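First the structure, then my questions, so here it is.
Labels for the chains are A, B and C, by order of writing; each one numbers its residues from 1.
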Amino acid sequence: MKSQIKRTFSNFFFEYETPRQVLVRNKRVAVVCRIIQMGVLAYIIGWVFMYEKGYQIVDIAISSIFTKMKGVSFTNISEKERIWDAADYVFPEQGDSSFVVMTNYIATVGQKQDKCPELPDGKNKCTSDAHCDEGKYKRMGNGHMTGRCINDTSTCEIYSWCPVEDDRKIPDPPVLLTAENYTLFIKNSITFRQFNVVRSNLVESVNQSYINTCLYHPKTDPLCPIFRLGDIVERSGFSFSEIARVGGAIGVLIDWDCNLDLSIRHCKPKYEFYGLYGTGKNEDKEEKPSLGYNFRYAKYYVENGVEKRTLMKVFGVRIDIIVHGRAGKFDIIPTLTAIGSGVGIFGVATVVCDMLLLYLVSKRDFYKNMKFKHTEIGEEKPALPQSKTERDLPKVTYH
Amino acid sequence: MKSQIKRTFSNFFFEYETPRQVLVRNKRVAVVCRIIQMGVLAYIIGWVFMYEKGYQIVDIAISSIFTKMKGVSFTNISEKERIWDAADYVFPEQGDSSFVVMTNYIATVGQKQDKCPELPDGKNKCTSDAHCDEGKYKRMGNGHMTGRCINDTSTCEIYSWCPVEDDRKIPDPPVLLTAENYTLFIKNSITFRQFNVVRSNLVESVNQSYINTCLYHPKTDPLCPIFRLGDIVERSGFSFSEIARVGGAIGVLIDWDCNLDLSIRHCKPKYEFYGLYGTGKNEDKEEKPSLGYNFRYAKYYVENGVEKRTLMKVFGVRIDIIVHGRAGKFDIIPTLTAIGSGVGIFGVATVVCDMLLLYLVSKRDFYKNMKFKHTEIGEEKPALPQSKTERDLPKVTYH
Amino acid sequence: MKSQIKRTFSNFFFEYETPRQVLVRNKRVAVVCRIIQMGVLAYIIGWVFMYEKGYQIVDIAISSIFTKMKGVSFTNISEKERIWDAADYVFPEQGDSSFVVMTNYIATVGQKQDKCPELPDGKNKCTSDAHCDEGKYKRMGNGHMTGRCINDTSTCEIYSWCPVEDDRKIPDPPVLLTAENYTLFIKNSITFRQFNVVRSNLVESVNQSYINTCLYHPKTDPLCPIFRLGDIVERSGFSFSEIARVGGAIGVLIDWDCNLDLSIRHCKPKYEFYGLYGTGKNEDKEEKPSLGYNFRYAKYYVENGVEKRTLMKVFGVRIDIIVHGRAGKFDIIPTLTAIGSGVGIFGVATVVCDMLLLYLVSKRDFYKNMKFKHTEIGEEKPALPQSKTERDLPKVTYH
């Protein structure tokens, strides 16, 4: 028993099996086959390894963004001069990755809790009190109906912040058209956890003196982190005067595609700009719902003991900064997986070649004969014990 | 030398090797083997290719969201009527993907910097001045202790915004219970960078007139981007009256699972709602810490030269809109990788069949004999030079 | 014809092919070969399966975060005592995943729309009116130039919010240095969509009474969701007094690496802290641009009918909470893909062994002879029909 195990063990270790093969000397088949094999090899080396970098593991960045707008606008509305700076026109103020730059607004000053007629904008018509259910609220309305229909405006009276905001006419040209010249400074930090790499968009060539003077340009200053608002808008396919009037949303994509097998210095951001929600250049011109971008906010104050508010309907450029970070680095696992898959595909090549050989070539029966050996159950000559066969029969005639 | 290279080259190109095989005519083994092979084939075609779409590359969307709440609430607190609109109850106001809708609040009007006793809520008891270290601050306290213990309240005197907010009793029913009828409009734009596809949740069938009247319903209006707040809350497993009182957080998931091999029109969003932080339907009923959702903010003003503030403790529904976008498209690399792996698994099938044949079948020695040829070192008949062998010996008896 | 199909079918089902192999009894080659094969096996089992868990599918979490700061600061600036609580020092107030804790500020009280000279900070010098183009705006300036050069300050007169903010000197020590003792409470909910798993950072061992008293410490309290601001700052490599003065940005990473094949109770968060934008510990000490973190916001009010504002330049600690959630679970597809690739790599091992055998071993010609059979076009003895050959020729001499 022990010697049995020993022999099995020694057989396993000192013997190894390798497939027996036929060398087919057939020009047509061989050439086709070699071309297929070389195609597979070229695909594995060229595409999987070199183009797609299949030998790398990939990590997606986690990122953090800080933004700062600069610039002032000067307006002169009904003889009232006014200057607007970043604290006045950026929402929210603390430098988020998503923010709105106000370019136009409708201010409704001095609203207070009161009764007043609805806006006669066609959506809230009434001809008698019966149309105005007391205590009810209409989806398009601004407050709770008191039950009266006001003759002057042909609209229901409501309990609301009065007077009701009149947003039927959007100021044109936009109030803050000079917003075009504001500048946006973006600080972006990305972290590739898997590779323990931290990187900022203020790369080696971007120093303090460069930042003080530069302005982003895709050709001449592709790494300058300071952007002119007008440029952002135009690169994303909008016209500034249009977006400034009704608002719009723009995505600023910071694209990092880093090959960490090279020096970290080559890991640089690329900035792209595109319109969101279907008004940008990538979209068809067909009518789309909900263009524009606006929101309302209120400034509250107390006047003579009555709470009042100034309601602002703000139109503006919303900027969403989106980071798309991806880094690859050599790793043995994907390399071996790619090689393994490649060998598998080589197997497919062999199968294809064999089909050629066995089904399409004129001498196919000859080749079949060479390749296959048949065993039939019920043959009169059963197998001799292997060891005996091997040793007793002369090698030349039996193998 | 040159002719040597030439011959090697011509050998390589005009000859190809294919494994020699034994055709085993054994019903049991063959049937088992074919079943295994067909299982592998079915798995590769059915599961990897059709179900998991292994022939596609996958891209994850980058997305951008804009939200807008509509609706008004009417309250009548101690004879004071008041209307609340979106500018009053949404935080922050500019339409972020994460925001809070106020449903309840505790207002502390007219706080100013002063000395006053701590709230007698059981956490800040004292019986003598010795318990109140001057200048120190307690983790559960609201200000810096002055060193005095106030007899009336049995709490330390503190320097703080006074009077201290009393949040021991949360208004019940919630002040803004009608928030149930507010509507939320969501605009979502997604970008599949790799495929250069931009898509909005306002898909082809969602036009302006539909938006004006529709309301989301999972069965009848699954694409309407307008949601009733009460519906969102109930679909996520909360009771509205409960969440409105103490607040809560809800995730709205916009799920895009797009097959870009089909028309882009089939790429549509699916909306799902679930409770966050463990109060939703997916969680057990066991007691969990930190239910509810609230935050404080202050409105500052100056009265008779003294800076004051109104502190609001806001309870509300926090809505986090989360986008999960995934698109697949045919690509040659994953297709070949899947095929390669499949061929590999085919190899496993062959190994299993061989084991059956060589170890379990009664005639195993016969088959072993067919399959294997032995070479032994020390054989008396060493190999002749290959070329010679090939040419000189008669083919039939030696090959 | 029918019988033909039938026979092909029966052949296919009752016959199976298996490669013929040579058993090479050569110690050196066999041992090398077995070592290579066992290395491949060890790699597949040990590395791919056990270490990298190649048998699992992976899902990335979608997550939601709520934060709450607690703590008060006491300041005494020019005899004016003041207490600061969370409503005063957190921006934005509603508990976002990204927020700023004010630690220092420059307040410019009572700005109004007026004409005043630019700040004499060296960037806006003038010696005559000619340097001050009327109506123009300088990139480093604060308003529109009126065309006059003011002698006292040697700067242009501008139309702006006056007086202009003087931020040349940042308060040192920072005004709110006691911010070090504020605490941050983080609630984080993650969802693994693919596995239908929802999980909160308030795991089983974190109950209400624990939360009331605990404070995060990497060793003793690694799951406590309450963090001291000073600890966060120091763990991320900053000095608190430095960051408090000029501001800075810190990333708090919540890392979930869950193996869902085990009990869900083992799925726990890990907290990490690091400096963003290049001032943290992972960065070199070389000078980097744009250190610090600050933003401006304004509080508006009306005094004697004139709109005024208090402009705050806020320096603070910006905290970005980033969630990195990843869960793996056994799945048949990646398991089979890994096995398939592994078999492929086994094939590579065989190729390497064959090269050894056929090119490096001294008896290589003998082995070549064993392994390969040649077929030559133009042989005088063409292939007999397969069936005939098999049956008529004696097995021993021809097979």
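The criterion applied here is as follows: a residue touches a chain if its C-beta (ideal position, glycine included) is under 8 Å from a C-beta of that chain, and two chains touch if they have at least 3 such contacts.
Chains and their UniProt names: A, B, C = P2X purinoceptor.
Keep in mind it's a predicted model, so treat the numbers as computed, not measured.
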| item | value |
| --- | --- |
| Magnitude of the superposing rotation for chain A and chain B (Cα, nearest 5°) | 120 |
| Interface residue overlap between copies chain A and chain C, same or different (over half shared) | different |
| Inter-chain centre distance, chain A versus chain C - centres from mean C-alpha coordinates, in Å | 15 |
| Per-residue multi-chain contacts in chain C, two or more chains | 17, 19-27, 92, 301, 340-344, 347, 370, 372-374, 397 |
| Touching residues (chain side chain C, partner chain B) in the complex | 12-27, 62, 64, 66, 68, 70-72, 74, 81-83, 85-88, 92-97, 181, 183, 185, 187, 189, 191, 193, 196, 198, 200, 202, 206-208, 211, 299, 301, 332-333, 336-337, 339-344, 346-347, 363, 365-370, 372-374, 379, 381, 397-398 |
| Partner chain B, residues of chain A touching it in the complex | 17, 19-27, 29-31, 33-34, 43, 47-48, 52, 91-92, 98-100, 113, 135, 137, 139, 141-144, 159-161, 249, 251, 253, 255, 274, 276-278, 280, 282-283, 287-290, 293, 295-298, 300-302, 309, 311, 314, 318, 320, 322, 324, 338, 340-345, 347-348, 350, 353-354, 357, 370-377, 382-386, 389-390, 395-397, 399 |
